[in-house]
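What follows is a pair of complexes built around subunit A, which joins subunit B in one and subunit C in the other.
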Partner chain A sequence: MFYRRAGIRHTRYQEERQLFPLTFDRVLILFVLAILLSAPFWIDRLYLVGYMVPWLIWSGAALGLNLLMGGAGQIHLGYGAVIGIGAYTSVHLVRFGVPLEIAMISGGLMSAAIGSIFGAAALRVKGIYLAMATLAMQYIVDFFTQTKIISGGTLATLQVPPVSFLGISLKSDLATYYFVFGVTFLIALYMLNIRRTSFGRALAAVREKDYAAQILGVSTYRYKLLAFWVSSFIGGVIGSVLAVAYLRAISPDQFHLELSVQLLAMVIVGGLGSVLGPFLGAALILFAPIVLNNTLGWAASAVGTEIPIDLRAHLPLLAYGLLIVVFLLYEPLGLAKIYDNFRKYLLVWPFRHAQK
Partner chain B sequence: MKMDRRSFLAGTAATLTVPGMTGKVYAQEKIVRFSFPQDFTKIYTFVTSEYSQGQRDYITLVNERGGIGGYKIVADVSDHANDLPRAIEAYERGKREGMVLIDPLSTPVARALVPRALEDKINLITAFSGRSDAADGTVFPYVLPLSINYWTQAALIIENFSKMEKGDLKGKKIVFVHIDTPFGKEPLPILEVLAKRLGFTLIPFPYTPPGNDQSAIWPQVRRAQPDFVIFWGAGVGQTVALTEAFRNGLKMDRVSSSVWLSESDMDVVGRANAKGVMKVEPCVGGREPKVIKDILSDVVGKGKGAGPEGKVGTAYYNYGVQMASLMVEGVRMAVQKAPNGPVTGPWLNEGLTSIKDFTAEGMLPPTTVTKADHQGGGMGRIAQWDGNKFVPITNWYTAFQDVVWDEIRKYAEEFKKTGK
Partner chain C sequence: MDIMLIAELVLNGVFVGLMYALVSLGIVLIYKTSGLVNLAQGALAMTGAYITWVIGAYFGVPIWLSIPAAVVLMFFGGVLIERSALRRMIGQPVIMAIMLTLGIEIALRGLLPGVFGAAVKKLDIGVSPAPLFLGDILINQSIMIGGVVSLALILASLAFFNSRYGIVMRAVADDQTASWSVGIRVEKAIAVAWGLAAVSATGAGILWGATQGVDWSLSLLLIKALAIAILGGLDSIPGVILAGLIVGVAESLATGLIDPVVKASTRDIVASVIILATLLFKPHGLFGHEHIERV
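Presenting the complex of A and B:
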């Protein structure tokens, strides 16, 4: 009914292999892109700066982590540190007068280099042990970012000077939004495409069973390291975006374990291995607390009851925890899977069963 | 469980789209909007609820008496949980609703908001948090600590030790036990300068955050046989430090801390055990000040209190009252200067920077804020725990402001040079 699959016959390989074989999906994607691209012109400034920008940045970061966790099956508890390395590297470079474009890439490369060193642990250990190794990375990097040379002394805040990207100053909200949108769009595009490359397939093989992959001739040594390299590179680039486009003043405590856990939650709640998932996960994890908080405050003042502030501050947390538990109980594969189920249902609507 | 998918999704969507319709109730009145997004649920929990209760009670008191020159004060309280996206959202929301002042009560949040506040000309209050160098109003025109910063607090403590030794600290040993974070390390430069000037030996002992296990370092403190001990942390670290100090048999009347010590901490340590320990007081504690009595009779007594009555008059509650009274005094001065507004950040800033010898009817040390000095003069006093309450053992005084201001100017200069 909606998707109109009947009668579609692919006669060329390109058609078979395109990202969105169904016209409906393509139209939907274009529609969403149009909404996002036109957002600055009809969305209130508060929602643009307070919601859209962090959502896009955190989604980009979650996409990077998802490549590692969902794509290659390697857990990472130190992704916040990876982002921090990128942020500090690029901010220092920008302060030395290096153009942002180069600083971003350098931030990515620095993150990738350090991230891969710790990722090398993945060559030896798996699962919970790898989690410990990456957790160690988080703390070691935290220790070093707190030193005077890196974060700048006891006050430990590094201001980001005004920057421009490709000649456009990132001072206005509009420019910042499009800059962030562009970066996240590129990352999402990369993630969509990676699954049809030999690299993506090798990662999938490693994820499913690494020694089986090795027997089949996929070098686990190479691909595990590559997965850490690519994912950390993305983390580093996102770190510099986060610093210049959103935080504008960075201090070490912004890249602690909380950030890593937040991103981990986004990936898991969103859906491991999906590209849509990180976007949904980031939206839920970032905004559910704010929205619940505001809703509760609004409801309280509308009904006219005075809720003590302590309770008011903690109720959203209760609701937030409940929300995550319910989502994961209802669909353990994440929010992206809920969308997928919905889509599968519509694919054959008004009939009952989708063919697998 | 069988739940209809569509109703589940529709319900979720509905929950997520309701928000953002707060405010606007007061649109037709003359109001001054303060925004208090603070951390009620993560790290600053030990202070926020009492601090916020004090702030709101004072503002209720002012509004009940008809406001300031026809203006009502509106305080938007929300929870940012020490999380930057949430804090920045609260900031942007406040900005849209026309706030002229924001008090995040969190160092990381304040630091992230500094560049925004300077650009948007919104008064950022960083009482007992944020950057110490923000006291330099020439570099940070819209960042106002309005209270003694950590450098001044360290100087006050040393001055008190010096008095206890009849003005001579030469050859004395002072141990500085601190949490190993930027906040914990903050007083070090001041203490180092003072050690050189006054001739005492400074031995710093850092403990790892959050500080719920300090058993390794306190025996070392004892072995160092210090003449005085300063412990510097917040929340759980403070009570653990005190307990360890007691267990290691240190003389409690030679132990001192910053403003972050309250009656509730003493309950944890044991009221009798902690007898003698000293702290810095930025304002009068307890229920004696007239303002607190007024709040008790006119606000709490009429059932309009923002929280449990038992908390009224505790240390952090009074800090909240102190900060709110300074903010409101800023409004009063602003109204005097320009009675018809318009109510903007710069309008309030004019008021806040012309506060002169304000004591909130005897509750604060005389506080004078100028365009250059946002610290408010740097007066405080030392109070000692007598097993039941904190008793002041000095008058209001200030100390070593030359050293403190050298440091403030050094860091502010650095910010000016590299920050922009």
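Presenting the complex of A and C:
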């Protein structure tokens, strides 16, 4: 097969260090990038804005959460609140006339600051206690975003004025798509590279066993806090992208626990600690309820019955929950692991007992 | 400040807190035996209330029969969750098991309102809605009865821990390997803990369902139950009672005294603030045992 590789024949150090050692992987990545870059020219505008843009944004958010959960092994149940902080900060700044580029960074910094304050409080404890602390953060941030000063009240929406990024107006679908694509591409590139830096290795050490890491001279507290900082920064930037490129009018209920749960499901279903995972997970979690709903509706009308409206409304929740349970029980490393198994099988085919 | 108003708030808060404590009893039971926090406890309370309502409404069973039926069903439901899902997670990182319970919570929250309807259902357990007057103090009767029943159930669970099987469960809580070596079936004890947690959730679900109606919002009891369990120390049943009283009274006072000043609903963040404050100042709660991890 074109996929196979026999023996390791590195002749230069650069070859061993590169992100994708196999030619096939490099070609595949370029192929996928070409598809994504040319998407606006052959995908219907409705699908582009309705499916591709949210998929890319949610993938970026899941990548940020995955750095914390898969990279550093810290659970976070309040990532929706982090995204909300970024969204509200940047939208307020944009409304004051600050350029979007600065507003995005400030949104990220604000999220990172608040996220790290809660993180610092939470990192005195681990595991289950950390889960509770981040859950408490979600509710406390919810309370403050519902106040009059920040959002204008529980039901108020905040309009995003027309914005431009690097001189290009984000009014057209095309510009919006490329803007979102660019941000998510940068985040993915960062995540791919972080693993071969000292920061990424320190995080992996902390994830595997924090005492052992501490004994080896990796400051556990410092790196956990750094992971919180970076991940919250990405969450804040994604929050502002979400606000200006997709929602365009934000209200507090868009950043409640439901969003956190959705992102958590994406990370688990996609694959903890992988870069490919969040993209697959985001696709499954965003689109499975829609597909399921349509299929059920179609099946019901074919049989001649009606699906109760309550069932239709609660189908997404049921789907998230069941997907989380099933993946944790049968494939804890998610869709990315399934892809990886398939890839490894092809790598050594037909000698399935060979290593590598 | 009006002293009578404060007395009324405190008294109602005491009963509400005891009703919260019943939910968190299940969390403590599971933590004691298996060392994980059950984030599905709120959804189990909702499930118990839904099942009680379904048995009554779909099969026309009177309430005094549908409650025990629901309790028995939920006991086996809890055992089934442990047997089919949680037992497979033994040996996995504890985070995975917690996320699994969260997945169960989300799935149940979608399943029951989806199948049986999301509208608020009335669960009548024969308590009159008329308030009770104690001098000038006004007490909600269903909350008072709920609080008393909850206290009785929590005390009963304390008594259970002094029975033969209770001692077995205490042994499992103390050291799983040691209990294994003296012939205790650890998995069975953990399964029973899940069953009892589901029963306590059902009791709380029925009491709350009788107070505010049965719908998905019963699963929001989770955050209050977590606050109580953490403040009480996660592995202490007397801690649950005291922490329940503290959370209930704090919430009631915040609603009555702070809300008119800040003109916002502080009720929902009292529990979160208590969680955060406990973790900051006394991470192992009021009565919890500090875990010493060996390197």
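For the reader, a short list of remarks on this structure follows.
As a working rule, the second predicted complex is superposed on the first by the 310 of 356 C-alpha atoms of A that agree within 3 Å, B and C clash if a C-alpha of one lies under 4 Å from a C-alpha of the other, contacts with A are read in each partner's own complex, and residues count from 1 in each chain.
Rule of thumb we're sticking to: a contact is a pair of C-beta atoms (placed from the backbone, for glycine too) under 8 Å apart; a residue touches a chain by one contact, two chains touch by 3 or more.
Only a predicted model underlies this, so the values are computations on that prediction, with no experimental measurement involved.
Of the two partner chains placed around the shared chain by superposition, neither subunit B nor subunit C is touched by A:Leu109. Of the two partner chains placed around the shared chain by superposition, neither subunit B nor subunit C is touched by A:Ile43. By the touch criterion defined above, A:Leu317 lies against subunit B and subunit C together after alignment on the C-alpha atoms of chain A.
Of the two partner chains, subunit B and subunit C are each touched by A:Pro308. Of the two partner chains placed by the overlay, neither subunit B nor subunit C lies in contact with A:Ile150. Contacts of A:Gly73 after superposition: subunit C is touched, whereas subunit B is not reached.
Contacts of A:Arg124 after superposition on the shared chain: subunit C is touched, whereas subunit B is not.
Within the superposed three-chain model, A:Leu347 lies out of touch with both subunit B and subunit C [touch as defined at top]. Looking at subunit A, you'll find residues 146, 308, 310, 313-314, 316-317, 329 touch subunit B in one structure and subunit C in the other.
Subunit C makes touch with subunit A in their complex at residues 36-37, 39, 85, 88-89, 92-96, 98-100, 102-111, 113-115, 117-119, 223, 226, 230, 264, 266, 268-269, 271-273, 275-276, 279-280, 283, 293, 295.
Subunit A meets subunit C in the complex at residues 73, 75, 77, 118, 121-122, 124-125, 127-129, 131-133, 135-140, 142-143, 146-147, 211-212, 215, 261, 264-265, 268, 308, 310-311, 313-325, 328-329, 332. On the side of subunit B, the complex with subunit A involves touching residues 1, 3, 5, 8-9, 15-16, 18-22, 25, 40-41, 49, 52-53, 56, 77-79, 81, 83-86, 88-89, 92-93, 95-96, 108, 111-112, 114-116, 131-133, 181-182, 185-186, 188-189, 306-307, 411, 415, 418-420.
Interface residues of subunit A, counted against subunit B in their complex, comprise 44-46, 49-51, 54, 58, 95, 146, 153-157, 159-162, 246-249, 251-254, 258, 286-291, 293-295, 297-298, 301, 308-310, 312-314, 316-317, 329-330, 338, 341-342, 345.
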